[in-house]
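Note that subunit A is present in both complexes that follow, paired respectively with subunit B and with subunit C.
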Partner chain A sequence: MDAVGGTGRPGVMGGLGAVRGRVLVVATVFRRELATVLRTPGYGALAVGLLAVLGGVVAVGGGAATGFVPTVVDLLLVTEVVVPLVAFVIGYRALLTDAETGELAVIRTYPVSVAGYVVGIVLARGLAFLAIVVVPYATIGVAVWATAAPDTTIFATHSGIDSPLLYLRFLGLLVPFGAAYLSLATAVSAVASSRRGAVAVGVLVLVVAVLGGDLAILRSLATGTAPSTVPGLLPLTPNGAFRGLVFEGVVGVAFAPEGGFVDVGRAVGSLLVWTLGGVAVSSATLAYGDRLEVLLEGARARTAE
Partner chain B sequence: MSDDRIAELSGVTRTYGGVAVLEDVSFDVRPGVTAVIGPNGSGKSTLLGVLSGAVEPTDGHSRYVGPDASRPIGYLPQRVPFREEFTASETLAFYVRLAAVDATSPEDVADPEEALERVGLADAADRRVGALSGGMRRLLGIAQATVGDPPLVVLDEPASGLDPGTRERAFRTAADASGTDTAVVVSSHDLELVDEHADRVVLLDRGRVVAAGPLDRLCSERGVDDVSGLYRAIVAGDAAEDDGGDGRDGGEPTAVHVTGVSE
Partner chain C sequence: MAILDPFGDRFGRVLAAVAVLVVVAGIATAGAFAADPSVATPDPVAYDDTVELGLSSETDELMAGSARVPRVQVFYSQLQYVVGYNGIESFVASVDDGRTERQFGYPLVVHVETFDGGNPGVTEDGLLEAERSTDWVPADEAAYVVGSTARSPAGETVVPFSERTNAETFAAEHGGHVRDWTAARNRSFDVDSAATVRSMAPARWAAADRRVADAEASAAERAGEVVVVGRDAPTIDATVAAAPPNGTVVVPSGTYEETVTVNESVTIAGDDARVRGDGNGSVVTVRAPNVTVSGLTVDGVGNETRDPEAARESAGGDAEEGWDTNVQLGYGHGDAGIRAIGAPGLLVDDVTVETNASGVLLREGSDAVIRDLRVDGSDDWRDGFMGVIGMESRVTITEGRFEGGRDGVYLHRADGSTIRNSTFVGNRYGTHLMYTGDALIADNRFRDAEFGGITVMTRPSGNAIVGNDVRDSSAGIQASGTRSYVGYNTLADNRLGFSTSSRGSLYEHNVAVDNEVGAHATTVVPSSRVVANDFVGNDRHAKAGAGALRIWADGDRGNHWEGADVGLHEPGERAYRPTAPVDAVLHHETAAAVVRESPGAVLLDRLHGTVPGARSGSIVDPSPAPEPYAPDRVAAAREPDPSPVHPEWRVESGLAGDDSTTASTDTMNTHDLNATDGTNVRNGMEARRPTERPRTSAEPEDRR
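Showing the complex of A and B:
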């Protein structure tokens, strides 16, 4: 992709130098973004709040006293709501901040590619997301280890046994699930022109993404779609893909090892596509948003004539 | 002064919501200090935005045609935009690192502390941007705009809202960045400072260039002594003509105000 500024900068580097330059851009943007996140006290409060919510759910559900898989079952539904929510809180202003203050216009005068800038910001926000989400979930896991029945400390080598490894697998699945929503949130931050607009679009995207997929599947079943197509349709949304993978790789291991809840390849691919799609939308918006605005202005002028 | 062009604008027009903020603007940017002056809402910020690449013109084009450089254009917008939680030194270090991605040797990498010292902010290096005064922020902005020694430095109102001493310092620092191969384009309402530092002037009125060229030549053509005289002769004269009056009420030029665009 072209340099952000489009100022006619001559190509002065090639080969390894160009790669080094791209890595340096990503690293520089990443460092600044991470420092910004670390200096925002609200994110610490978010992690504490998330821990309180998860602790409350597990305490009410009672799964923690039984084992890791029952804990995952208790947490699954709430996870499908809070993880996207946290991802949006972390990401909805990621690209908007610099655009709103005008600092993006300044950054554009440096030899920085749009992709390098977006990736640097997404990586930093992704690391923050991991800390804010995975640490509370890991804390719950440690609590289950310490308090649940003795057989939870046995590492599973075959199906049917509860195991901390299954909980680790659940933690691992949180990462691509959260990455998909963080990437979507970043795209919202690129498209929105104000903080209020980002919140409005973010809420809309959240509701559609969290509920829309399931409602669409229910509707298609009601209109005669064969139930056998569900494993293929379910992973099309991030929530469906995540839920399917959790059933396939965590919950189902204990009682239905034959699987078949979801098409695993399609689920993994779906989360990857959502993640890369968000980054692509963010990059395209930053790279071509101004030109699109100019085209719209031209169309408006012609209409007015 | 060299006659080599650093940038050119050709037929640049920019509209917002169908309202023209710039109309058919054309001029060349040459080494030295070029001051863009004009009434509020005349399109100065939009023009500087187009020149820096921050604003896409709806028609025409702006092109950098100066010497090869990894960072051809430095830019300071009217509102200094840096993140408030970072110190002045951290802010500049970020931009120095960005400018250095193409550097092939350590000598090509600017020193943030040196850049701060150049604008007189060495003592404020560890102060957060949010705790800097308006003048200090602008000086920091000027330091940022010159990171990597871009051949074209575009500064939007670097002296706006500052006390006379800081205003002079901001303008002098900006002027110091210009040279035989370097152009500084600066917008300002301070005609005295423009008179003192500018080599060339672009006078905008209602989105159009009404005069452009070397300051001395423009003044002699109009038979005035300084920029203030030039401004009055052209902009105020136009306003008087538009009013159909005799010019006595034309001291304050009219302005086109577009929400979100005009200063």
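Showing the complex of A and C:
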């Protein structure tokens, strides 16, 4: 941790120096975490595997043969499952490993704040996520751009509503969607006390987040909630928000230009809140987890008596 | 690893580059959200390059003179092809039907043809005419004259102008009001559809009944003085020449070696008599109205199937016109057992012709009723010609039998003809229509046709093909054109059951059993309705050519596909895609059902049918019927001959004015280039020609 040592004593510096110091802390943690990611060959395999899955879906779905919107339609459902999954794979051990090995305790002896540490980790993992997820999706987009063509050119053809811009929008929406799950995964890695526990909690969170929100909406509609509340309720889960935004900005453009699939502000806000919420939970757990454990231990001891 | 070493010297620069990349991507993405792709305004294209829907631009009325139908070209949000409409009414009617939006998305841009500088007016027949159209303008920038005296062949028409003042001038001269696009767009128009054709089929049947009865009655009425061959004159020809007007020439049993020319209205009533020509030219030639020929057997017909001079005469000039002339001059001037030229009111009753050329040849308005005609043609179709050939003559054929030869019945510009209750065996085509619309082909039986049972070429409209039974042939029914009604046919053991080549048409209640391919979707842009058909035991139930996804159903009513309900779902609950590899084999591969239940297949199933206009080359039936619509006909189709299946289509509710599947969308049509061979791919000049056209002048129609 020589690099961390080089930051001097941020505690005694003030004003701009303090900010710079904190940025340096984040940068150092980021750099270290990135090294971890780069030394994990499995992530490369993950990206290749994802590309294969996506390629398979569009090849069998056939949408890619004609344009971007059908491609997005083919990919949407798969994306809603695969992207959270990949985010969890990238994030579920992010904070756990340092805690398990005791490295976190060592790092904490340096002037590194918990928030700075978490942000650095999340940024590095986020960059990894971009490389692992967005690059394969972008590759698919490029392939569609290069190959999609009408069946026959004996008639005049046009692209209709279809446009690479729509696919770019889709890629753009993948980022906050993935970020929300990555942040959730990080929170799981902070809360869990063992790798096995992290997997278990991670799968639970994944299932609840991917399916639970929509099931809840279905349930509430069945019990008499007004359908007009759907655009507002839908974005409460990351999946709902993402799907709503894809309909609003990408797929729906082809059949309902006026939109109205989701409350856009709320959906964007929701994704943001999930992301920040995950970071906050991670930080809070690392900062106060020990004290909580003491409290819990005490409570358990009392009930055991 | 050097460049990616996080602790290396150059890592800072790499990181900076990545940061710049991310920022650029972020800005691009923000730009993608800021831009609105739905406001793209593609420029108009050449109308000939559009996929034409609606009224055909090639009706005789339009081809003949300066009459025009204002054309529209539309860029739909999901459809990759530019769609052309003849008549703003066609466009409005098709958009008013929700199916269009479901299939193609919403119109992004609409361009209309304007007539400002084309000196627009109205012909004597009330059709809109103009020397030319001036410009394509966006529809919302044009001014429209509605309710003027100008009409299109289909009815009311709206005339667009790019300048409002020009519209006002036109309205002042020809009546009507000037409206903007919104107002013109919101009018409702009465446009004929394939459902209209369906509702008219029983009436055409009744009209044929009437024509037969009238011909009989008028023959009986005319039966004047009786002269007998052998008693009053030695030969039939001499007896006919000597017979008084409206006389009856009785031909006693026996063989008469001669040729006969009929120049006045007489009845030739044979009694098991045989007329044998000399092997040159036609045997009986009729050149007078109201002639009856009955009770004869004719042979000794010449071998000239068509006039070899015709090809030469027709050379030069417009290719299509030349071809048409070639056919009319060539086909119309071959040898035949009975040849009628300008002879309306002809009744051919109980006649047999043994020929290596044609059986009965009718041309120049020889409207005829042909009953109980039997034509024995050549064994190989290349050696013979048509059983009945009708040119510019309305033909009513009933209870005929046509064996061998080229085409059983060949009609060329014979609008309103009826062919019914007849049997066709071993022809090239059983019934072959060219430029012939408003015809009824009903309750016939076709067997072993080399090329096809029923084929309709060129672009006629309004044909009804009903209740036929085609088996063991290359193809059952291949009808091109527009607004056709193809219903209640039974197609078994053919290579192809039927093709959906006719645009804006209705294909319903057909039964396709044990064919190699049940049905072939050919048009690039789907515009027809295919519903309530039964597909059983075909190697492949359906195939699709190039073009947008076809949805074969009408609302929640689909077709019956054997195998569609295999698996773990309620019958009819799951969409069936006959063109998908797994669905296609469900009815003969048990294991396919297991593949179909995989999450991947289920997922893809769910996705198909979304943005259909942007997908291609396939067919989906969102609500397949669990049970056959006509189980009795499916069973009967598998029984051995001779048991032609003729459903009671005239009494079944679907045709008795019930409008359950009527549709204003039936006004939508597509180009069906090359329709009858089912490929739609045109190359260069072939584009707008009729399907059957000469490659060499010697053999003008052997395209296959």
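Just so it is clear, the second predicted complex is superposed on the first by the 277 of 305 C-alpha atoms of A that agree within 3 Å, B and C clash if a C-alpha of one lies under 4 Å from a C-alpha of the other, contacts with A are read in each partner's own complex, and residues count from 1 in each chain.
Rule of thumb we're sticking to: a residue touches a chain if its C-beta (ideal position, glycine included) is under 8 Å from a C-beta of that chain, and two chains touch if they have at least 3 such contacts.
None of these values were measured; they are calculated from a predicted model.
S.K.: Report for A:L171: first if it touches subunit B alone, second if subunit C alone, otherwise both or neither.
M.R.: Only subunit C is touched by A:L171; subunit B is not.
S.K.: Quick one: is A:R32 in contact with subunit B, with subunit C, with both, or with neither? Answer first, second, both or neither.
M.R.: both
S.K.: One more residue to check, A:D162. First (subunit B), second (subunit C), both or neither?
M.R.: second
S.K.: Touching A:G224, do we find subunit B (first), subunit C (second), both, or neither?
M.R.: neither
S.K.: Look at A:V294 in the shared chain and tell me whether it touches subunit B only, subunit C only, both, or neither; answer first, second, both or neither.
M.R.: In the superposition, A:V294 touches subunit B alone.
S.K.: For A:G265 in the superposed arrangement: first (subunit B), second (subunit C), both or neither?
M.R.: neither
S.K.: Have a look at where A:G42 lands relative to subunit B and subunit C in the superposition and call it first, second, both or neither.
M.R.: neither
S.K.: Let me test your reading of the model: by the given contact rule, A:V69 touches which partner, first (subunit B), second (subunit C), both or neither?
M.R.: The second partner, subunit C, only.
S.K.: Check subunit A for residues that touch subunit B in one structure and subunit C in the other, and list them.
M.R.: 31-32, 35
S.K.: Across the complex, what residues on subunit A touch subunit C?
M.R.: The touching residues are 3, 31-32, 34-35, 38, 60-63, 65-67, 69-70, 73-74, 77-78, 127, 130, 150-152, 154-163, 165-166, 168-169, 171-172, 249, 251, 253-255, 257.
S.K.: Note which residues of subunit A are touching subunit B in the complex, please.
M.R.: Touch residues, subunit A against subunit B: 5-10, 12-13, 17, 20-21, 24-25, 28, 31-32, 35-36, 39-40, 97-98, 101-103, 105-112, 290-291, 293-294, 297-298, 300-301, 304.
S.K.: Quick check on the complex: what are the subunit C residues that touch subunit A?
M.R.: 1, 4-7, 11, 18, 22, 26, 28-33, 35, 37-38, 40, 42, 45-46, 49-51, 75-82, 101, 105-106, 108, 524, 546-547, 600, 603-604, 606-608, 610-611, 613-618, 671, 673, 680-683, 687
S.K.: Please give the residue numbers of subunit B that touch subunit A in the complex, ascending.
M.R.: 15-18, 49, 52-59, 63-65, 68-77, 79, 81-83, 85-86, 90, 94-95, 97-102, 104, 144, 148, 150
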